[in-house]
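Shared chain: chain A. Partners: chain B in the first complex, chain C in the second.
Right, the complex of A and B next:
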């Protein structure tokens, strides 16, 4: 793909991102209750002070001016003050972000590591017992409600077997000075094997819960595209040349069969964002998803709006990269 | 955005109704699909007839029955087969009544979303021009939000409740049938019988609704069923987070949430409603898979 096409696609993002921010802004406009009153809570202040506060927050401006203010503030990550934390909204979000990123990346890795071998083996041994098990498992994987599956995992592995911790991200004893804020990486960088082990143990159950639907979808995709590739002429040709089966599989088939898998994985990474809220709630994971859920109950609207905008922008960007990745991997597709 | 293709067939090769009927016969010939269709319909029956088949009133609390175990365990009582919750309410009756919420929301959201999505998709795909631009842009923008986040943000504004959940989910759900229908319509609008209808002077709405729509019913049906399973899980997730229907109304997601604090000892509180969700969603997914196989021309011969 040429640079021109890339820039063209990049420019196409602008109306989408603008539309997304308009929707978030409109949600904010229609949110019930006066922000100043919510922020003040039970405190009684003079009318002048209240008006000053309203002016400070830009609430006395007409809607279109408020929108431009909202947009320019958002570009500098200024989302105002979190009513509940009495801190800038973005600071609160940023403090919760690493936990969510770590969990999402772990789920992505889990899904890829499980689904690619399983999908390939199921396709190579079509209609075998393994193929059937893979099909049934992936059907269950997309049908399981994540919150319930997470609870079952806790009951079995944490409560009954005592193998893994019930909830949380890491014990107090395994705190390490942050570098990347991702515990698995930081503990290794600091040479703290005990902390790494502790973080890993906390990560296992939420990772499986979050990654299972994605693993199921990717298994199906990999199996289908592998079956498709194995029927192609160049595979038959390679077989006719007398190349070994493993060599054909790895050198010729896998390379092409994984294109759809990688693309779908990039798209589905976006949907991990949605799953985060449920999984983080079940496992007491101190991430952004749980923060959003908590914020709803304390009516912390500025934070919810900022988080929704943040999720949407991330989601749009992930889809964009999925698109680009697909085009780069698959030379037959023209943008 | 990358297009997900639900349907790869050539919709215009055979006469509409006969193709659809042939597909449905093929679907009915699969025993697995029919079995799970039967289970799905069983849930629908359960939801409709809930007051007649539930052994107890789902809101009838009695602290003497607090955390009563299932009948086959020590201390169980066969008049409360699946035990009782923390307020002494019969879990089986609550599951039976809870099916009403899941099925009502699943069906309503999909009906509303499919109607809007099909009409918008037909208009975008057939009329093209500015109609297509407006609809496609709106679709792209709505696709920019992760589903659950969008629904949660709307519910945070409007408050929980049955009607608000349906709206919160439908606002985004219509986008999916719309994209499928738009793509199918684009592929179909150049086909001979559409050209013929146009030459005979049929109006645009006639061509869209009488010529194109019957030919793209199969992919619409497949998408609706897959999405219904998805919507039911979303509703359960919202209820689990406390943003679904409000107590004392029983819903499967909130039953799992209520049972969570008792999971160490009284595992049945969360386990049974979760199983109900799994069974219903699994059944719909198998039915949907069966429909997809039946409609895919690659499987026909």
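Right, the complex of A and C next:
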């Protein structure tokens, strides 16, 4: 199964990446807004300097030349200089990526840890108080705008109760030499409990804000799927055999019920990476989402293109991963 | 069982206990933007400069009244209109201990002004040094700056440039300069957590600072952290929660919360950004001067300042701010007069009033709607349309090409605090900030003459004359100069905000 299919998927990436690059490039070409004018803003500049900056950014070349230059450089993983930061795009993105990965992983874990038990229990005790609470809470979770909810959390837990910090990823004292660049893991690996605790305190509110919509969706999916599975013949047969309810649940029902959950989770994770821009802005989280939105506003084309390519790769890989999980859970399906 | 409970208690205790002694010596600023780079020559961004200015000093700087005072230079003289000689202060070292010499000054300025001088790139700050032609090292502590033509504002423009160490730049290279800091400033870099914070600590070898700005000596606090919190509400929340001690860009609608909190207060300073409504002088209803005057009479600016800006703004009848050089103090105001507005509109051919569209970006939407509400009594029906900043810039700042729009509520900042940074771009024919399509050859001539005039009072007079003409033509409706609002903790002493948006923390202390 493994290697052949993996390579096939990798090859599928190529037309996707090409298509995505062309679409983004063309869209940006037709979007008004001049990066040089934006960068200089209200400042006093000479015509010569403007032209020099334009030349530095490669904007004096015709569009098709710019695109081919970008493509050929991208093959060597050289994404050029970020207009705004005037440093290599790769470095700028790489420095912000771990924060987004950490937050997204935390939100994913939070969503799974909350939704699976809740969905299962809601299905098992259908129409009970727990079920109704779970359903209504899911509805809220999916409807609440993250922007508003995040600020509410800040006001309550940080400003009023002083339990948690308002923004950022860690305090000054929580400096650990990076191994994985994920603060929670690195601080444990380095034996720094204080740094771990500090990183965790900073992570809690953004994780809840980011993970809540996903948790809500997954709860409902799990509940519906579990309900469906519990109605199946083989469950009735197992009950007739005299197996305990718990055993039936865990050994027979759960694996099958989780199939839709897993598929949805894998796909939703992709949107987590892209959609956490709001959460990163509210909580001052130094991640990629915020960087990309800032770049769009200042027409920082090289960074936008590189980031979009990154998102495309991530989506495709996540979909592939979802397919693998699916076959693991349901042996009747082949890749 | 007992061991794990003890362990749990220890973990909880260490987590909850804040090391308060350390905290008192750590000053945290809740800031809107991260630094784009830590290379003083490779950016054109005010926020980046504010952060960098704590780690790098310049030849000269400004005090809180915006006077130019010596910093790394002890003194300077103009030998002739195109030659300035600067004497450096002896005994200044960089953070790595190496001494500052005239060679470093030449290197820093060359890096800023020469084409492709930064690893193949040109410094975006080049035009801030105008006609600087050459820098000559006279001796270890003396440099001469030679200009191509007379430029009286050279000392006023030098505070924007900081000095770097030649040896350091050559060692780390152009790319390394973005992150490796070796300056002469009161703080040195500890760590730059991109997108999150810039962490600096006190440089104990600091020479003492600008002699005209007391107190001299090392910085008061041990550590400074610029925390990046772009979202307004979160930044204010951080101040209220005590997570930070200073915040910039405090929005007016959150002023009340900061004042109400016993541990925080608001500090205001006269800003340098003039707000105005750019009117299309070329085509459409505002091409008629009577319609422009009618609009001026129809908008009660003081009311808007009082009600929406909490009084934190100064009205202006021209593009220059009230304290600017060359400000014409006798500009006639277009008084709020609804009848006069309607009469002028009728004269211009709109007896039943006029319907127009005003473009605005999201941040100023509230003000635009207030203006629309107020102007309706004067015969104007203004439809407010919110657009994206960059797209509106493209539509209106056309450098002479036709403008797509009628009115644009916008502003222009004057970071250099010299009229040339605001008057020329916004009013000279086809200049980059001229969003009205305004063209008056008399004004152009006055502006050009002021550019090369070396006598300060003659310069001021030229700008005043230009303001008078512009006031009569009224290409834009000039609104106000808003104050810059900062939220600060009551524990903070020794710091005041300045009009140039600097947050210099050398003298700031925490009680």
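Please note the rule applied: the second predicted complex is superposed on the first by the 266 of 335 C-alpha atoms of A that agree within 3 Å, B and C clash if a C-alpha of one lies under 4 Å from a C-alpha of the other, contacts with A are read in each partner's own complex, and residues count from 1 in each chain.
Going forward, a contact is a pair of C-beta atoms (placed from the backbone, for glycine too) under 8 Å apart; a residue touches a chain by one contact, two chains touch by 3 or more.
Please read these numbers as outputs of a predicted model, since none were measured by experiment.
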Counting only touches as set out at the top, which of chain B and chain C does A:66 meet: first, second, both, neither? neither
Can A:155 be said to touch chain B (first), chain C (second), both, or neither? both
Tell me the contact category for A:312 with respect to chain B and chain C: first, second, both or neither. first
Pick one for A:43: touches chain B only (first), chain C only (second), both, or neither. second
For A:273, select first, second, both or neither according to whether it touches chain B, chain C, the two together, or no partner. first
Check the residue A:9 against both partner chains and state whether it touches chain B (first), chain C (second), both, or neither. neither
Of the partners chain B and chain C, which touch A:232 in the superposed model: first, second, both, neither? neither
Taking the contacts chain A makes with chain B in one complex and with chain C in the other, which residues are shared? 31-32, 151, 154-155, 159, 281-282, 297, 299
Chain B partner contacts - residues on chain A that touch it in the complex: 15-17, 19-20, 23-24, 27, 30-32, 139-140, 142-149, 151-152, 154-155, 159, 263, 267, 270-271, 273-275, 277-278, 281-282, 292-293, 296-297, 299, 301, 304-305, 307-308, 311-313, 315-316, 319, 322-323, 326
Residue set of chain B touching chain A in the complex reads 1-2, 4, 137-138, 140-150, 152-157, 159, 229, 233, 236-237, 240-243, 253, 256-257, 260, 263-264, 267, 270-271, 273-274, 277-278, 281-282, 285-286, 289
Mind pulling up the chain C residues that touch chain A in the complex? 11, 14-15, 19, 22, 26, 30, 34, 36-37, 42-45, 115, 121-122, 124, 126-128, 175, 178, 191, 193-197, 199, 223, 225, 227-231, 233-235, 237-238, 240-243, 273, 388-391, 393-395, 397, 412-416, 420-422, 424-425, 432-433
Taking the touch rule as given, give the residues of chain A at its contact with chain C in the complex, in rising order. 31-34, 37-46, 48-49, 52-53, 56, 84-88, 92, 95-96, 99, 151, 154-155, 158-159, 162, 165-170, 172-173, 175, 193-194, 197-198, 201, 281-287, 290-291, 297-299
